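Next up: some structures, all given as structure tokens.
Next come two complexes built around subunit A: one with subunit B, the other with subunit C.
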Partner chain A sequence: MHRIGVDVGALWTKVVLMDDAKLAGSAARRSTMNPGPQVKEMIAELTKGLNFQPSEKNCAATGVGRKNIQGTHQLTDIMAFSKGAKAIHPASRIVIDMGGQGVRLIELEPDGSMTNFITNDKCSTGTGCFLDIMAAALGVDPAMMGITSMTAKEPAIINTACTVFAESEVVTLVAKKRPKDEIIAGLNDMVAKRVAAMVGRVTTRGDVFLAGGVAMNIGVVKAIERELKKTLIVPPNPNMVGALGAAVSLGGSGAVGKGGAGKGGGP
Partner chain B sequence: MITAGIDLGSTYVKCVVLVDGAVKGHAVYPTGHDHDATARIALRDAMKMAGIEQKDIGYIVSTGYGRRVTTLANETISEISANAEGTRFVAKNLSVRTILDIGGQDTKAIALDDKLNIDAFQMNDKCAAGTGRFIEALAGVLGVGIDDMGPLSLKSKAPLKITSTCTVFARSEVVTLIAEGKPKEDIIAGIHEALAKRLAAMAKKVGVKKEVFFDGGPARNVGMIKALEAEIGVKLVVPERPQIVTATGAAILAAKKLEKSGMK
Partner chain C sequence: MPDTDPKQRPPMRYLNQDIAEGALAHKDRIIEAASSQIKKHIASMKALDRPKAMDYFDSMADIFGPRVEELRKFKESGGKVVGSLCYFAPAEIPAALGAVPIRLCSGVYESVHPANDLLGDAGLCPLVKSTLGLKMATASPLMELCDIVIVPTPCDAKLKMGEILGDLVDVHLMNLPAVKNSEAGRKAWIEEVRNLVIALERKFGKKLKAPALKKSINDFQKAQAAWRNFTELRSNGGIWGRDALLAAQVSFYDDINRWTHNVNALATEMEVRKPVAPEAARVMLAGSPIIWPNWKVPQLIEESGGIIISDELCSGTRTMYDPVVVEEWTLDGMLTALGDRYVVPCTCPSFSPNLEREQNMLQRMRSVKAEGAVFHVLRGCHLNSLDATKAERLMRREKLPMLKIESEYDEGDLEQVRTRIEAFIEMIKARREMLT
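And then the complex of A and B:
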């Protein structure tokens, strides 16, 4: 059976197509002011030739803009990311979603049920938006930020956490001819410290699963690993975890890529 | 006796020349990249206005974010002390007990006791949401000059709510409101209200007794004054030149220093 999961994020809209427990396709586009028609188009492209009719039974939506996607099953980001993380890496105990406009941490029980979550969507520091703004200030492609930082000898110290003030700091550092890789490494360290502080606030220990578009940035991932002194679980397409979780929430599969485990999932 | 005060802010450098207890010269310049160079230009203009030369100045005190960068000053002082001193001078005969000083990158709320000494203060330099940068960033999105924000907002009949705290998110919110065709004046009035809420909370933390003095660049904005008055619930005392209160305080502290040392 084919299922669609949609994640209408603040910056990007993601759609995945699942064929039973297998990921059959995915797409991501910049979010627009009018997500309904955009998502309809994305679904049509992914399901071309499948005679797929979107309904509440085979199509689920999450993300800040999910209410615009009518006629679908709806679930919160927290639920979607819990389910997505659990499906990809069943041993996940802490799920961190680093999205475009917010950072969330979810605590999971060994059976995958959610016990607690912390959300920061009041402040843009450490979000995808933050890194996009810094990339623009540096004249670097946002997708290249992670790789670019890897050659840094000594990360620059960024004193202010606020995105607006940090942007001024970056501009000053560029004017002082500080190498870009060192500035980016400094930004990554700052982001990592904030994420580590969030992890420090919870008591759950175990595998930490990193999701969201920011997890595509290798520099940020490595910096968080250094802060936490721990290897993180980062899926190949971390930006798709929410959409995947939405699709999985429709039931009918267990761990992704390991064959269906029957309705309700789990062993 | 002639002294000067230089306030090197993150956004503007302000300079005041004080001649025998009266402000005779003042200048305001965008900070730019070289604080020291800007400070020299500001001092030159303030001296010109006062009709004096640098050799006439007995003592110079610098304050503000970049106070240690300039080599002009004989001494530096924190902006909290300088601002309180400036307020005591500017609002001499009033019963001001609370000061709200909004800068480009920081905001200070200061409470004075009945002897006008600093009793408590709050400072926000961590988050742009409660500073002048909030208005500046959103004015940029709207394509409205910073000096036009106040007058435009007064035309608003129904201010719109800006729900985001973060300046960056508020920027996206304003972009959406513009795209929805919402009137500019209603958006601007909403921006002032959002900032006023933050500032009022700070003022209340240090305590609002008697009169509240409002200075710093945003105090030139009539819309900001109106929104703050509505939020705090008292009429604000706004000086004629709200940008130079801190620099004036630095110049006065310089004069006091000279007097104490027994020089002319």
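And then the complex of A and C:
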């Protein structure tokens, strides 16, 4: 049976198509002010030739914009990420979602049930938006932030966590001729410290699963691993975990086959 | 009375002419915004299945409405009105002196602005700023009727608000002990209760008499008994939490005997009512006071598939829950009993140690079969934020989910808070499937 999971995020809208437990396709586009028609189009493209009729039975939506996607099963992004993480890596105990506007931490029991979550509020540091703004200030492609940071000899120290002040700090560092890779590494470190502090606030220990678009930034991933002194579980397409979790929430299959979440296109 | 004449008041220390006049410019907007909030919330509560007896509390819910007219007439005939903040000022005492006690804690959003104009970003909780702003803008007719305002000092914000309010109205401060579990703390507080009697006697030129205090205590005992009875009946889920909170808060300014009568009517109906939402997640609401019409958190809980089955708020269940237990009906015996009633069972986070709080919360959650707790913290209310940490430890140990929500007096964070509450309720319901 085919199922569709939609994740209407603050920056990107993601759609996955599942064929039983297998990931059969995925797509991501910049979110728009009018997600309804956009999602409809994305679903139509993914399900071409399948005679797929979206309904509450076979189509689930999550993310901040989910309420605009009518006629679908709905769940919060927190629940979707917990389900997505469990489907991809059943041993996950802590799920960190680093999305466009939010950083969330979810605690899972060994059986996969969620027991607690914490979220950032009124502060965008560590989110995709934050890193996009910093990339713009540096004149770097946001998708290259991770790779670029890997050559840094010594990460710059970014003192402030406020987006506006951090941007001016970055501009000052550029003016002082600090290499860009070191500035980016410094930003990644700062973001990682905040995420590590969230992990420090909870008592659950075990496998840490990192999801959300920011997890595609290898610099942030490595910096969090250094902070936590632990290897993170990062799926091949971490930005698709919410959409995948939505699809999984419709019931049917359990764990997703190895490499499953890796197929299909992402940004 | 010379001291109620503004010309006779001491010079202002916090306010100046500019700030005072600027605050008055907010008045109409505050009243308009608060009135529309009240209308909106009443309409959404009325749209749900609720006891018929709630009609009375709806009719009293307008803080600019019928009760103001009653009290205005009362004042015109020579009556006195005594305002108080917080839970600690024994209302029985002004009532025994023939005055009407009213509690002034405010849930009005718009009135935080004049207070912000005065204080800048002082990091104070919005409840205190809102109350202060109402007085600065003269926007609360109930507050304007007060001859004197009693301000106990549980936290920094209330402590300093007492001083600032002194620029605008007669204030009597009550020094609340931070450590209550000591004989010294208890004695000091009972002394404060006696000082309150002296201050009010002086203010009204009238002596407190034992028979009048006994009558007043009896009236409040009846109110407390009615409220406890209602609280027990409520746990069957026959009423939405918002309705129960509103009923509690009408007691802040209503005639106490009329309120008791209406709570009894509500309780009678509750005996035969079916659960209003049998599938809803049963939520315990804890933390900072939630004051009408700041209905953001309760409304989000009950719009997202939950029902507030109980609360431990000083503006909710705790308002009238504990009885005054008098051993000796002498003036002294009654004042001692009053002092004890308002402090000993109180689990305000201003006390240390305050270990009963989370224990009571847990016990209550067990007895009403609550499935999780939402611990609400008004931003700037450090004491509740600290108690939340402690409550969370216990809840985790007992495998009960708890969500801490920080919020302010505006609707800017409405959708963010909604997302968290929705996820929390989803989690409770998913857990339910796992547990069965």
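Please note the rule applied: the second predicted complex is superposed on the first by the 256 of 267 C-alpha atoms of A that agree within 3 Å, B and C clash if a C-alpha of one lies under 4 Å from a C-alpha of the other, contacts with A are read in each partner's own complex, and residues count from 1 in each chain.
By definition in this document, contacts are C-beta pairs under 8 Å (C-beta built on N, C-alpha and C of every residue); 3 or more make two chains touch, one makes a residue touch a chain.
Since we're looking at a predicted model, the values are computed, not measured.
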item	value
Room on subunit A for both subunit B and subunit C (clash or fit)	clash
Partner chain(s) touched by A:S92 [first = subunit B, second = subunit C, both, neither]	neither
Which superposed partner A:T163 touches (first subunit B, second subunit C, both, neither)	first
Touching partner for A:D111 - first (subunit B), second (subunit C), both, neither	second
Which superposed partner A:T47 touches (first subunit B, second subunit C, both, neither)	neither
Contacts of A:T203 with subunit B and subunit C, given as first, second, both or neither	second
Clash with subunit B (superposed arrangement) - responsible stretch of subunit C out of 3-11, 39-47, 111-119 or 309-317	111-119
Intersection of subunit A interface sets (partners subunit B, subunit C)	122
Subunit A-facing residues of subunit B, complex	10, 33, 105, 125-128, 133, 137, 164-169, 172, 176, 179
Subunit C partner contacts - residues on subunit A that touch it in the complex	64, 75-79, 111, 113-117, 119, 121-122, 203
Of subunit C, residues touching subunit A in the complex	396, 399, 401-402, 406, 413, 415-416, 419-420, 422-424, 426-427, 430-431, 434
Partner subunit B, residues of subunit A touching it in the complex	10, 33, 101, 122-124, 129-130, 133, 160-165, 168, 172, 175
